[in-house]
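Everything below concerns the one structure shown next.
Each chain gets a letter, A, B, C and D, in the order it is written, and its residues are counted from 1.
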Amino acid sequence: MREKLYQIIKSPTEGNSETTLYDYFMMVVIILSLLPLTYKPEAEPHWVIYVEHIAVTIFIIDYILRWFVADYEYPGLKLPFLQYIYQPMPIIDLLSILPGILVSITYHNPEFMTLMLLRLTRLARVLRSLKILEYSHSFRVLRAVIKNSIRPLKAVLAFAITYIIISSLIIFHIEPGFKDFFEALYWATVSLTTVGYGDIVPTTMFGRIVTMASSIIGIAVIALPSGIVTAGYMKALEEEEEETNKDLK
Amino acid sequence: MREKLYQIIKSPTEGNSETTLYDYFMMVVIILSLLPLTYKPEAEPHWVIYVEHIAVTIFIIDYILRWFVADYEYPGLKLPFLQYIYQPMPIIDLLSILPGILVSITYHNPEFMTLMLLRLTRLARVLRSLKILEYSHSFRVLRAVIKNSIRPLKAVLAFAITYIIISSLIIFHIEPGFKDFFEALYWATVSLTTVGYGDIVPTTMFGRIVTMASSIIGIAVIALPSGIVTAGYMKALEEEEEETNKDLK
Amino acid sequence: MREKLYQIIKSPTEGNSETTLYDYFMMVVIILSLLPLTYKPEAEPHWVIYVEHIAVTIFIIDYILRWFVADYEYPGLKLPFLQYIYQPMPIIDLLSILPGILVSITYHNPEFMTLMLLRLTRLARVLRSLKILEYSHSFRVLRAVIKNSIRPLKAVLAFAITYIIISSLIIFHIEPGFKDFFEALYWATVSLTTVGYGDIVPTTMFGRIVTMASSIIGIAVIALPSGIVTAGYMKALEEEEEETNKDLK
Amino acid sequence: MREKLYQIIKSPTEGNSETTLYDYFMMVVIILSLLPLTYKPEAEPHWVIYVEHIAVTIFIIDYILRWFVADYEYPGLKLPFLQYIYQPMPIIDLLSILPGILVSITYHNPEFMTLMLLRLTRLARVLRSLKILEYSHSFRVLRAVIKNSIRPLKAVLAFAITYIIISSLIIFHIEPGFKDFFEALYWATVSLTTVGYGDIVPTTMFGRIVTMASSIIGIAVIALPSGIVTAGYMKALEEEEEETNKDLK
């Protein structure tokens, strides 16, 4: 019976229909459990607390069920039922349940916790949305591309950050309008990524020259991830094709 | 005679000059029929209603003519003249004619319909512009690319939406300036796509840090469709070349 | 002697050092001749008129010299010295000289022409800058890429314009803030190209939803030229390599 | 002993652990030495001057150590200890140390130098950050891509600048809002790179038409670096693979 249970709740790599059903059910629950986050604590409608309670209860059951079949999920562990608690995914699962329990306490004893702490728990609850990535097939293709490209993308990231810092240092000392270095850093990031809100703009001629040079070079910097991801995607397609050919033989 | 008629109005895959002529005529009519939409209902000049009437009349004739040769266009159907009405393209055709007829009623009996409904019909008329896609050759090449790329693009879309929602949730609870969650969602979408209007900007330090992290990661997210489309386009070119080689043999 | 002259002024495909020298000289003259355009007519300094006079004189000499060797430049023409005037490049050359002559008249007889006409001639003078493209080597590589990609890019352009028009039509009827359809068209273009000035932004919820959908789909539209240009560039590199291999054999 | 020293301070191509350690140490020192730059001269905290002193001292020691093993680092030179001073990298090293020494003078003799000069030295100190590029492995991969792409990227840069200048010239004479040509140039650069701050926007119909045309063509211009970098990256990957295959044989 425990094996049957594991077949249902494990990740859906083998296309078992019960597994897929369980996954879709969990995805709906996760999305519903994020609903309370779309309200400010002071403007939260009443029904939100019930949604929260139901979602947390389902998460707790899911956590216990997974614990129950830990020896199937982690066959390499010596003491699976004890070591399960210290595995990375179960820890994230537990962290994403915790705020829900804390919220329940807050509602029963309002003096117990301050509004500030409640906001903190809300932030922690955002972690829960990461669980969505666990339950979806289409992301696995992208994950292969990202895996292929992660090393050069890290180098580009380091390059872009260096570029942003140099731009910030130059503009911070040339343009008098910046309050502190962080503002210059924010301006350079928003400009390099071509978002360009326009809340902070250069007003002096030298500041504008730096902006122009920085923007033009920035296009080449932005072109780098594009090239890397394209190459990574083409490699992933080739590997897939090779595997299909192997399977046919 | 009905076969000759079908030769004229069918889609121009075989480069028949009469077909092409009919297509260009219809494209001009469609563009003219969109003219009323470029005016607000209260500021609409008089001549617009005549353009509308002529365009709708031509559309009705086109619809009847296509019905008349339905057995040529859909050879697989058993009762082509009856089943034609339920085919997807004829339904869109009919929907795009309907507002025109409704507008005529509105103008003859002004008490009949409210201004609000008229606005709704105007929106529905936008659907008509989709017909342009039906009548143009150059889009067929792009359609092949889009077809090649549609599955990974959907995965990227899901990834981007997840990314936008997570960014929105974080900024909504960190930055005090947002009225509701929808505003945070709007801000995140406008920022990730690097449009960056600047109507909603972070003002606190934490909000700006989230913006910076979000923008930099966003570049990699934007690079994904670029890579997918490039691969899809190169595949489409290869397939075309192979087909040309086959034809030559 | 006329052949020697032709060797000097012809386009520098064979790397003749005198040709290259002449090209660089002409490029400097063209850039100098654009200087008057960087001033508003009412704020133009005095020395600008002398720069203009010298540049126009050199252009006239260049035009006459090219006429003088027209039979070498256009060996296919029957009456090269007569037909030269009607060739596309000489016509552009003449058009770019004309404003300079007109400006001279304006300065000698100020009553002769209005300020408005002067502005028009100034705009026409911008055409002159197109001549720069004629005198530079590095652009020829890019021209090959653009030539490879021009047909699919045109299809993408048609696609993007259709997309912009549909977005404009929808937002124009949903968002009350737009004065006329042109403003909606301007907004859609600035948003799709991810420039996003923020001078016109949606303020209603429905307007923002349209903006969000439009921006996200827009990323895929922007990815198309990127893919086409990448494929076109790779093809250009391959062709170049093949040619080099042929030359070596 | 001098050979051992050279093993430690040389660039880490052979993965020597002592070399890597020295590199990481120097990277930390360089980043720390940039800290004073993140404060405005008038708001600089006291401890910053000590950080500056320590960093400059380490840089001087590094400079002397490298001089001491100049014959190992530049084996081709006849008089390595004399010619070392005129090598490009040592000159940059010296330039990046100089402001630190000048700052010390400023602090001991405040009358000696004006605040303005101090700002200039601060700018020069930004050069120091270029040293970071010297001490990092991950940038070497990117450097190969950039090297592959630098020639076509230069052509694109020239193309983009020509495009920006033409756009500026046209908008400057059509749109009355621009103060001088530099403002038009700044506007065109910010628009072409799709940053789009929105601090300078067209308000007339003709200005907006120019903006729309310019933005749409601009997308193709931005697609060019993307294509070039993609091709350059793929070539770099192929070359790397070929080299690995050679090493295996």
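As a working rule, contacts are C-beta pairs under 8 Å (C-beta built on N, C-alpha and C of every residue); 3 or more make two chains touch, one makes a residue touch a chain.
In UniProt terms, the chains line up like this: A, B, C, D = Voltage-gated potassium channel.
These figures come from a predicted structure and were not determined experimentally.
Path length between subunit A and subunit D in the touching-chain graph (shortest route): 1.
Comparing the residue numbers each copy contributes, subunit B and subunit C share less than half of them at their mutual interface.
The greatest centre-to-centre distance from subunit D, using averaged C-alpha positions, is reached by B. Note on A-D: its contact pairs, compared by residue number with those of A-B, B-D or A-C, agree for more than half at A-B. Mean C-alpha positions place subunit B and subunit C at a centre distance of 32 Å. Separation between the centroids of subunit B and subunit D, computed from CA atoms only, is 45 Å.
Residue positions 194-198, 222, 226, 228, 230-231, 234 of subunit B each touch two or more of the other chains. Those residues of subunit D that touch subunit B in the shared complex are 194, 196-198, 226, 230. For subunit B in complex with subunit A, the residues that touch the partner chain are 152, 154-156, 158-159, 162, 165-166, 169-170, 172-174, 181, 191, 194-198, 201, 205, 208, 211-212, 215-216, 218-220, 222-224, 226-228, 230-231, 234. On subunit D, the positions that touch subunit A within their shared complex are 34, 37-40, 119, 122-123, 126, 129, 132-133, 136, 138-139, 141-142, 145, 153, 157, 160-161, 182, 185-186, 189-190, 193-199, 222, 225-226, 228-234, 237.
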